[in-house]
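Each structure below appears as C-alpha cells.
Across the two complexes that follow, chain A remains constant while its partner is chain B and subsequently chain C.
== the complex of A and B ==
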C-alpha cells in the first residue's frame, strides 16, 4: 500500500482523501504543520507528500526548504497546495525545484490522477 | 507747458553801463593792482636782502678790524689814516663812518661821510659780553638812520679800545636803479591784462547775448529768438525736473520692490518651514538654495549641509542621490516625478519624494529649478503591509471553508457508494463550513465597522438572566453543543445592566462557539454572571483542551491561531476573541482569560456598575 502524507492545518482534506483514495490502495497520514511532518518523515518517509503553505508553526515553504537542505533517507515527490491568487508564492518552489503544484480547491479525483502519474514517473525513473 | 513764465523778470537787473565796460574796467584795475603788488613785494624783498647783506658785511668787517692792533688803525706821522684806507678798500656805498676809540670812548681815529655827525653807541669796558654787537644810532641827519657795528681792540687780552663801523640803514624808497627792474616786472602783467580781458569777453559773449535777449524780453521788446530760447529752456527744465522725478520714483519703486521681495522671501521661507513635509528648492544652476528643517530627520543630515551644492554633492546615501539625479535633470521633462527610498536602508521606513520642475511664469520652456517635497510615508507603508496581511488572512480564512465545501461536495458527487456514516459526516461538514464562512463574514463585517468607528453603542437596560439564557438556547438549538452540558448561572437579585444587547450577544456567541469547539465530547459549558461592589462580571467557562501558556498573551490578537495540533484540528479563524475584546472595550469593560491545558478555559467580561461610571465621570 502506497503512503500519502497530507500536511495541512485543516483536517478535512486528509479526511476526504483518505475516503477517496483508499480504494486505489493509498493510506493517508496527517500532519498539521511542518514540524509534525518532519517527525513523520524521519520515522517513515511517505511515497508522496501533499502540503499546504500557510500553517501555524512551520509552514509549507520552510518544510520544503528543510527537506531540500537535509534530504530524507528516501526522496519522494512533493505536491504543494496553492491557489490562483498566490502565484507569487510559487517562486520559492520553483527556486527549490522538483515541486509540483496542486490548485485549490482540491479535487479528490484530480489528486488521484496526479498521484497515479507521479508513481508511474517514479517507476520509470527507477 | 512752461512752468517758469516769470523767471526772466526775476533775473533781469537793468544797468546803466554795459557789462562789457564794467568787466573791462575791473580787469584793468585788477591788472594794475597786481603790478603794484608785485612791485611792492619785489622792492621789499630787495630791501630785506640788503639789510641781511649789510648785517653780514658789518659783522664781518668789525671782526676783521678787531683782529688788527690798535696801532694799526690809528694814524701816525708819515702815513695815511689806515682806517680810511680799509673803509675805502671795502667800497660799500652804504658805509657811513668808521671810528676807533680807546677803552674810555675817546676818539683815536675817525672817518665819516660828509655831513654826518653820528652819535656812537655807549660801550662799557667792564662788560665784555657787549663788546661785540650792533645797534641803530642817530646820524645827525634827518631821515637817515644808521646801524653801528662795534668790536673790541685787544692787546695781549686787555681791552685797549673799540672799532666802530656805521652803515646806512636800507630804506623802502625807490631808487632810479630799481626802475628798470620794476618795469620788467610790470610790463608782462600789463600785457596779459588785455589778453585776459579779450578771452573773458569771448567766453561771456553767449551769456551776454542771452542776457541781452532776456533784457529785451523783459523790456517788452519783440524778440522771437529770445522767446524761443526761453521757451526751450523752460521745456528743458520741465523735462529735466520730470526726469528727476521719474528717476526718484523709479528708485523708490526699486527700494520698495527690494524690501517687498525680502519680505516675501522671508514669508515664503517661513511658510515652507511650517509645512509638515521636507522641502528642498534647487535653483537654475541645480544647486540647493533652500532646505527646511523637516529635511533633517528625513535624510538624516543637517539641512544646511545641502545648501549651495548639487544633488550629487549632498552628504547622503549615494543610492538616494542616484535615485534623485535623473529626476532633477533637464531631460526629466515638465512632469512631476515621484519615487521612494528607505533612509539608512531600513526596510521598515519609507520616505516618498516628489520632484516638481519650476518654470518661469510666462515661459514654460525655461526651467528655473526644481522643488523637492519629501514626506515620511512609513505609516502608509506599514498600513499597506497590514492591509495586505489582512487581505491575505481573510482570503485564506474565506477560502478554507469554501474549499472544504467543494471537497466534500465532490466526494458526495463522485463516490456514490460511500458508507452512510461517511456521507452524513460529509453533509454535516458542508453545513458546518457554510456556517463557518457566514460567521467569518459576520465577524469581519462587525470588526470592520468597529474599527471604522461606524458602530455607536446603543445602551439599554438588559436583564442578564434573559440575555445569557437566550445565548445558551441559541447554542443548544444549533445542535453544535450535542453531548455537552450547558448551564446558565445568574443570581435572581442581579440588577439590570446597561449594555448594547445586540453587540453583547455577538461577543457571547463567539465565546460560546469557542467553548463548544475546543471542549471535550462530554464536557461542560457554564455561562454565568455575578456582581461585586463595583462591577458586573460575565464569564464563559468550558472544560475543554485549554490554551498553552505561550499562546495566552496573543489569543486576543487579530487572526491569531494557536499552533497546537488539537486546537488546529478544530478549525477557527482567529477573529472570535479579537471581536469579543473590541465589543467589551466599547462598553469600557475589560476582558480576561485564564486557562489550564487539558482542563478548560474561562473568559470573563467585566463592566463597571453605573454608579461607579458616574463617580468616575
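== the complex of A and C ==
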C-alpha cells in the first residue's frame, strides 16, 4: 500500500483526502505542521507528501527547505497546496525545484490522478 | 495506523489501566488478534487477545479467557478510528497474584471505556461520511468553477462546448467526453485518454445511433459499467467501454446527449459521476439555450438591417443590390488586410448601411438621370451625415458609424462631409470608399449602363491618391486578380464580354 503524508492544520482537508484516497488504496497519515511532518518522516518516510503552506509552527516552505538541505534516506515527491490567487507566491518552490502545485480547493479526484502519475513517473525513473 | 489514532488509542488504554487498578495489565487489540496498544510486544496479552472468543461470557459483555497462566478478561469494543471491532483485554498480574478479583468493578471499567470508544468510533464514522460528502461537493464545485470560467471567457460558439467537454473529461477523469446532437449531425468530443482508443471516430459515430435513441426513449441518465450488461447488445455493439450517458433537455425535447466513456480498466462510473454528469448536461443545455437566443438576436439584427437597406433601395431601383455588393467587397478587403474581428464586425455593419442616409434625399434628386445642379448636389452631399444621424441611435453600431459617415471623404481632402484627408479618414471609411467607387462604376444606373471591370480599374487608378487610398486600392486590385470568380458572382462585365 502506498503511503501519503498530508501536512495541513485544517483537519477537514486531510480528512477529505483520506476518505477519498483510501478508496484508491492509499494509506494516509496526517501531520498538523512542519515539525510533526519531520517527525513522521524520520520514523517512516512516505511515498508522497502533500503540504499546505501556511501553518502554525513550521510552515510548508520551511518544511520543504529542511527536506532539501537534509534529504531523507529515501526521497519522495512533494506536492504543495496553494490557493489559486497566490500564484505569485510560488517562486521559492520553483527555486527548490521538483515541487508540484495543487490548487485549493483541492479536488480529490485530481489529487488521485496526480498521485498515480507521480508514482508511475517515479517507477520509470527508478 | 495514522499517528493521531495511535495517540487516541493510548488515551483509552491508560484510562482502562487506571480504572482497572494496579492488579491488571491491559491491552487493546483488533478483531484479527493484532495488539494495537501498548506498542511493546507482550506474549501473554497477545495470547489472551487471540483466544478472546474461546472464553465464556461471565457478565453481559465480558468474557473470561483461558490463558496459560490462568485467565484474562476480554470485553468487545469498537476501535475509535472507525476501522471496526476490537477487544479490551485485562490480564491479572501474577506478582503478587490477586486473591480475589472484583469482577463487577472490572466489568464496569471495561463497559465505560468500551462505551466511550464506541461513541468515538461512531463520531469518526460520521465524520468520514461527511468528509466523503464534502469530497463530492468539492468535485462539483471544481466542475462548476471550470464551467463558469469557460462561459465567462468566450462567446457562445461550439468552442465553448469543446472547452466544457475537455474540463469535464479532466475533472471526472474520464477517457472521452462527447456531446452529440444527431439532428444537426453534430459530434463534439474531448479526450483525456488513459490508454489509446484506436477507432475513436467509429465509436463516436456509433453513439449517435442506438445509444442516443435508447437514452432519448428512457429520458434518463444511463450508466453501463458491466460488459455483460443486458442492455449492451441493443445499445452498443463492439464497444468495450464503460458508459455514462446523460440526456440534454431543451424544454420537453431531448435534442442532445452528453456521454462519458472509460476503458474497462478504470473504476466504475459512480453515483457521484452520474450526478456530476447531470450537472454538466444541465450546463450544456443552458449553453444551447443561450446559443439559440444568440442566433435569434443575430437573425433579428440582420433582418432589421435588411429592412433598412430595402427602404433605401426602394427609393432608387437602380441601386438595388448596391449595399450588398459594397458590403461583400469591403469584407473581402478587410480580410485581405487582416483586420481584427472587432474591426471586421464594424466593417460588416458600416458597409451594409453606408447609404442609409439616402432615405433623406428627395426622389427627384436621387433618381434624376443626367447631371445634377449645384443645389441638387448639395442634397446628395448631405447623405453621409444623414447616415450618421440615423445610425447613432443604435448603440451596437457605434464602431460602425464612422465607416458610413466618412465614405465620401476623398484622400486629398476634397470630399464630404468633413473634408478629412489621408489617414485621418477612418480606415473603415477608406475601405468602403474603394468598394463603393468600384460598384458605382461597374453597376448600371438610371442614366447609363455599368462599365467593365477593366474600365473601372483604369478610372480608379486615375483617382488613386486624390480620391482613393493608393495602398488600399493596390490591395483591392490584388484581391480581384486572385479571385476572378468574385467579379463573376457580382455580375461585373469584363472587357472581352463586349467583343
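Assume the second predicted complex is superposed on the first by the 126 of 126 C-alpha atoms of A that agree within 3 Å, B and C clash if a C-alpha of one lies under 4 Å from a C-alpha of the other, contacts with A are read in each partner's own complex, and residues count from 1 in each chain.
In this text, a residue touches a chain if its C-beta (ideal position, glycine included) is under 8 Å from a C-beta of that chain, and two chains touch if they have at least 3 such contacts.
Everything numeric here is computed off the predicted structure, so don't read it as measured data.
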| item | value |
| --- | --- |
| Joint occupancy of chain A by chain B and chain C, clash or fit | clash |
| Partner chain in contact with A:67 - chain B first, chain C second, else both or neither | neither |
| Which of chain B and chain C A:109 touches, first, second, both or neither | both |
| Partner chain(s) touched by A:93 [first = chain B, second = chain C, both, neither] | neither |
| Touched partner set for A:57, first chain B, second chain C, both or neither | first |
| First, second, both or neither for A:37, with chain B first and chain C second | neither |
| Chain B versus chain C as contact partner of A:16, first or second or both or neither | both |
| Contacts of A:29 with chain B and chain C, given as first, second, both or neither | second |
| Which superposed partner A:118 touches (first chain B, second chain C, both, neither) | neither |
| Selected from 131-139, 149-157, 185-193 or 293-301: the stretch of chain C that, after superposition, runs into chain B | 131-139 |
| Chain B and chain C contact sites that coincide on chain A, given as residue numbers | 12, 15-16, 19-20, 36, 105-109 |
| Chain A partner contacts - residues on chain C that touch it in the complex | 2-4, 127-128, 131-132, 134-135, 138-139, 141-142, 170-173 |
| Chain C partner contacts - residues on chain A that touch it in the complex | 12, 15-16, 18-20, 27-31, 36, 40, 105-110, 112-113 |
| Interface residues, chain A side, partner chain B - complex | 9-13, 15-16, 19-20, 32-33, 36, 54-57, 83, 85, 104-109 |
| Contact footprint of chain A on chain B as seen in their complex | 395-396, 399-400, 402-404, 406-408, 410-411, 414-415, 418, 422, 425-426, 429, 433, 561-563, 565, 568-569, 571 |
